[in-house]
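Two complexes, one shared chain (chain A), two partners (chain B, chain C).
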Partner chain A sequence: MNIQEFIENFAAQLDETEPDTIKADTRFKELDEWSSLTALSIIAMVDDEYDVIIKGNDILKSDTIQDLFDIVEKKRH
Partner chain B sequence: MESNYNPFSLAGKTVLVTGASSGIGRETAIACSRMGATVVINGRDAERLQQTASQLAVPAAGQLVADLTSVDDVKGLVAALPPLDGAVLCAGNSTTLPLQFGSREKFDEMFNINFFAPVELLRLMYKKKILQKGASVVMIASIGGTHSFMPGNGVYGASKAALNSVMRYAAREFAPRKVRVNSICPGMVDTPLIHRGTITEEQLAEDAKRYPLGRYGQPADIANGAIYLLSDASSWLTGHDLVIDGGFSV
Partner chain C sequence: MSQLTINNVRIAGMSACVPSTVEDNRTLPIYKDENDALKVIASTGIERHHKVDENTTASDLTVKAVEALLDKMGWAAQDIDCFAYVCTSRDYIAPQTACILQDRLKLRNDCCVFDLPFGCSGWVYGMSIVSSLLSHGSFKRAILVAAETNTRNRNPRDTAVRPLFGDAATATALEFDPDHSRPMNFMYGVDGSGFDAVWAPYGGIRNPVTPEALEEKEVSPGVYRRGVDMIVNGMDVFGFAIKQPPRSLKELISTFNIDVETVDLLLLHQANKFIDEKIRKAVKMPTEKTPYCLEEYGNVTSASIPLTMVTRCHEQLSGEEKHCVACGFGVGLAWASMEFYAGGVTMVDVIDY
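Moving on, here comes the complex of A and B:
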C-alpha cells in the first residue's frame, strides 16, 4: 500500500477538485465539495480497494489524507 | 362506559415475530405479549433470543433459532410453527453505500435478508396454511426506497421498496382467505443497527434534528404500529404501508 496510489483513489471520489491539487497534506474536509456523501464514498472505496472497514469516526479524526492513509494502513495489519 | 373496551387487544392471538433478538423485533415481541398475545420468537442467536423471552409478559409458544437467509432454516422454521393469527417480519439489515459502490454482491447481500428471506417465509406460511383465516401479516419495510431517497441508502432502499411491492400483491392474493398483509415504513429508529459507525454519532444527532417531531423513532413507536395492524382494530386494512417517521417524509 503506497501513499501515491491512495491519493489517486481518494481523488477519484472527488468531482470538482483538480486531481493534481490533491496531496498527502491536503486537508480534505476543507474542500468546497466535501459532503457526507463524499465521506461515504471514501469509506466504500477503502473497503473496495484495501479490504479495510473504516468508520465515520476515522474520517472525523483525520485532517489530512496522510492521516487517513495511516489509519487504513494500521487497520490492514 | 365499558372499562374493558380495547379494540387493540391481542388476547387469544398467536403471533410470530422474526428478528426478535434485537431492536424493533425484540420490542415488538415484548409489546405484543403485553397486549395479550402468545408470541413465537425467531432470531439467529439463541442467547439474545432468550434475553427477549425473559422479558415477555406471556411465556413464548416457541423460541425458534433460524437464519432466514438460509432456505433450509426457513423450511425448518415453518415446519416448527404453530397455527398463526399474526406475524411481524422484522429480521433485516441495512447498509449505507453510495450507488457507484453497490456491486451485485452488495445488492445480493441486502436483498437476501431484506427481501428474499421475508418473502420466502411469507409464501410458505400462506401455502402451508399456517396463517389462519383472518391472520394479519406485518412487514417491517422503510421509508427508504418509497417515501425517501437519501444519498447512500439506495441498496437498502431498493430492497425495502421491493418488499413493499410484494406486500401489496400478497394483500390482493391472500384476501380471499381474509389474510391481511401490510407494512410499516419507519424513519430512522434508534436501534443497534444505526450505531455501527459508518455514520458518526455526531452526524446521527444532527440528522435527528431534521425530523419535524425532533427525534429519531424508538422501537416502541414501531411496535405500537404493529399492534394496531395485528389487532382486529385494523380488520378492514390491507395492502397499506404505514409510515411512522416523525414527519420526516412529509
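Moving on, here comes the complex of A and C:
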C-alpha cells in the first residue's frame, strides 16, 4: 500500500474539505468537518480498501494521516 | 464451528408492544441545530424512537405483547410449556424477571421459565434455545420474548446513544409440529475480548454501585454518563459490525448450502442503516428483501428482528411460506445467524403501551 493512495481514499470520505489540502501530515481530527461519523467512514474505507479493521483507539492515538497509515500497514502484516 | 439444526418447530405467532411516547431526533435538545440532527439521521437512518416513562419496565410492555398474542392465537396461558425472556434491562437484580412474569401472565406453575440476558443477538440465540427444547416433542408450545428498555439504562445526556436506541417488547410463539419439515439452522459467534465495546461497568459484582458510580460526569465534550449507564463505544462496535455479521452470514450460507436467490427475507438486527446496508450488500441481498423498522423505532437491541417482522412483514409472514435468513449481533461481543422458513404465522399488529 502507498501513502498517496491512502490519502486519496481518506480525502474521498470528506465532504467539505478540499482534497488537495489533505496531506500525510494533516492533523485530521482538527479538520472543521471531523466528527464521529467521519471516523466511521474512515473505518469503513479501511475495511473496504485494505481489509483491515481499525479500532476506535487506533483513531484516538493517531494525530496525522501518516500515523493512521502506519497503523493500517502494521495490521496488514 | 458451532452449528445447529433443529427440526419440527415452527413460528406460530408474533406480536410487539412499544411505548406510545415518541422522541423525534430532529428536535432532540442535544444538537446545536436541526442541520446537525439531519446529518446523524442521514447516516444512521434513525429518525425517531419510542420511549418508556420512568415507571415502565420491559416486563410491562411484555405483558401487553404476550396477552395480545395469546388472545389472537386462541392459546390459553395454561397451554404454555416454556417461556423465555430475552432482556438485559431486568426488573430486579434478583429474581429472574421470567419468574415474575409467570405469575403476571398466569402461566402454569410447572412451566419451564428462564431469563436469557442477551443483547442484540438475543432473538436468534433465544430462537435456538427455545426451539431446541421444543424439538424433543415433550413441550408443545413456547413463548420467546425479546424486550428492552434501552432509554432507561443509557444516559439521556449521552449524545452518542440517545438518538439511536429505543424501547420495545416482542413475543414469538413457537410450537412443536412433527409435520413441519423445514429445519431451522444456526451458526454462533462470540468475541469476549470486545466486552467493553458495549457495557455497563458498574452495578454488577465486580464494580458494585457506589456513590461515585451514580455521579454524572462529562466523559467527552457533550457526553455525560454515570458509572451505571451503558457505554457504547461507537467506533469499536462499528468495526465489529461491518466485519463479523457478513462473515457469519456467509458461513451460514456455505455451511447449509443456502441458495441466496431463494431467500425471501434478510432480517437484520436494526443497528443503524449504514452498518446494515454494508451487511446487506456483502451477502448480495436486494433492498426489497431487506426490511427495516429502525427509522421509526431505532435500535431496540434483541427486539429489533422480531419488531421488524411484526411491523414490516405482516402480510408476507401470514401468507405462504417464506425462506428467511436472520442475523443478530452486538453486546458481548456476540452474534448469531439463522435460516428458517415461516408461513401462516398469526401476526398481531404492533400495540401501543
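Worth a mention:
Heads up, the rule we're going with is that the second predicted complex is superposed on the first by the 77 of 77 C-alpha atoms of A that agree within 3 Å, B and C clash if a C-alpha of one lies under 4 Å from a C-alpha of the other, contacts with A are read in each partner's own complex, and residues count from 1 in each chain.
The working rule: a contact is a pair of C-beta atoms (placed from the backbone, for glycine too) under 8 Å apart; a residue touches a chain by one contact, two chains touch by 3 or more.
Remember, it's a predicted structure, so these values are computed and weren't measured experimentally.
Applying the stated contact rule after C-alpha superposition, one finds that A:37 touches each of chain B and chain C. In the superposition on chain A, A:45 makes contact with chain B only, not with chain C. Contact with neither chain B nor chain C is seen for A:70 once the two complexes are overlaid on the shared chain.
By the document's definition of touching, neither partner reaches A:8: not chain B, not chain C. Residue overlap on chain A between the chain B contacts of one complex and the chain C contacts of the other covers 36-37, 40, 43-44, 47, 55-57, 59. On the chain A side of its complex with chain C, the touching residues are 35-37, 39-40, 43-44, 47, 53-57, 59. Across the complex, chain A is touched by residues 96-98, 100-101, 151-152, 196-200, 202-203 of chain B. Considering their complex, residues 39-40, 43, 160, 233-236, 238-240, 242-243, 274, 278 of chain C touch chain A. Those residues of chain A whose C-beta lies close enough to touch chain B in the complex are 36-37, 40-41, 43-45, 47-48, 55-57, 59-60.
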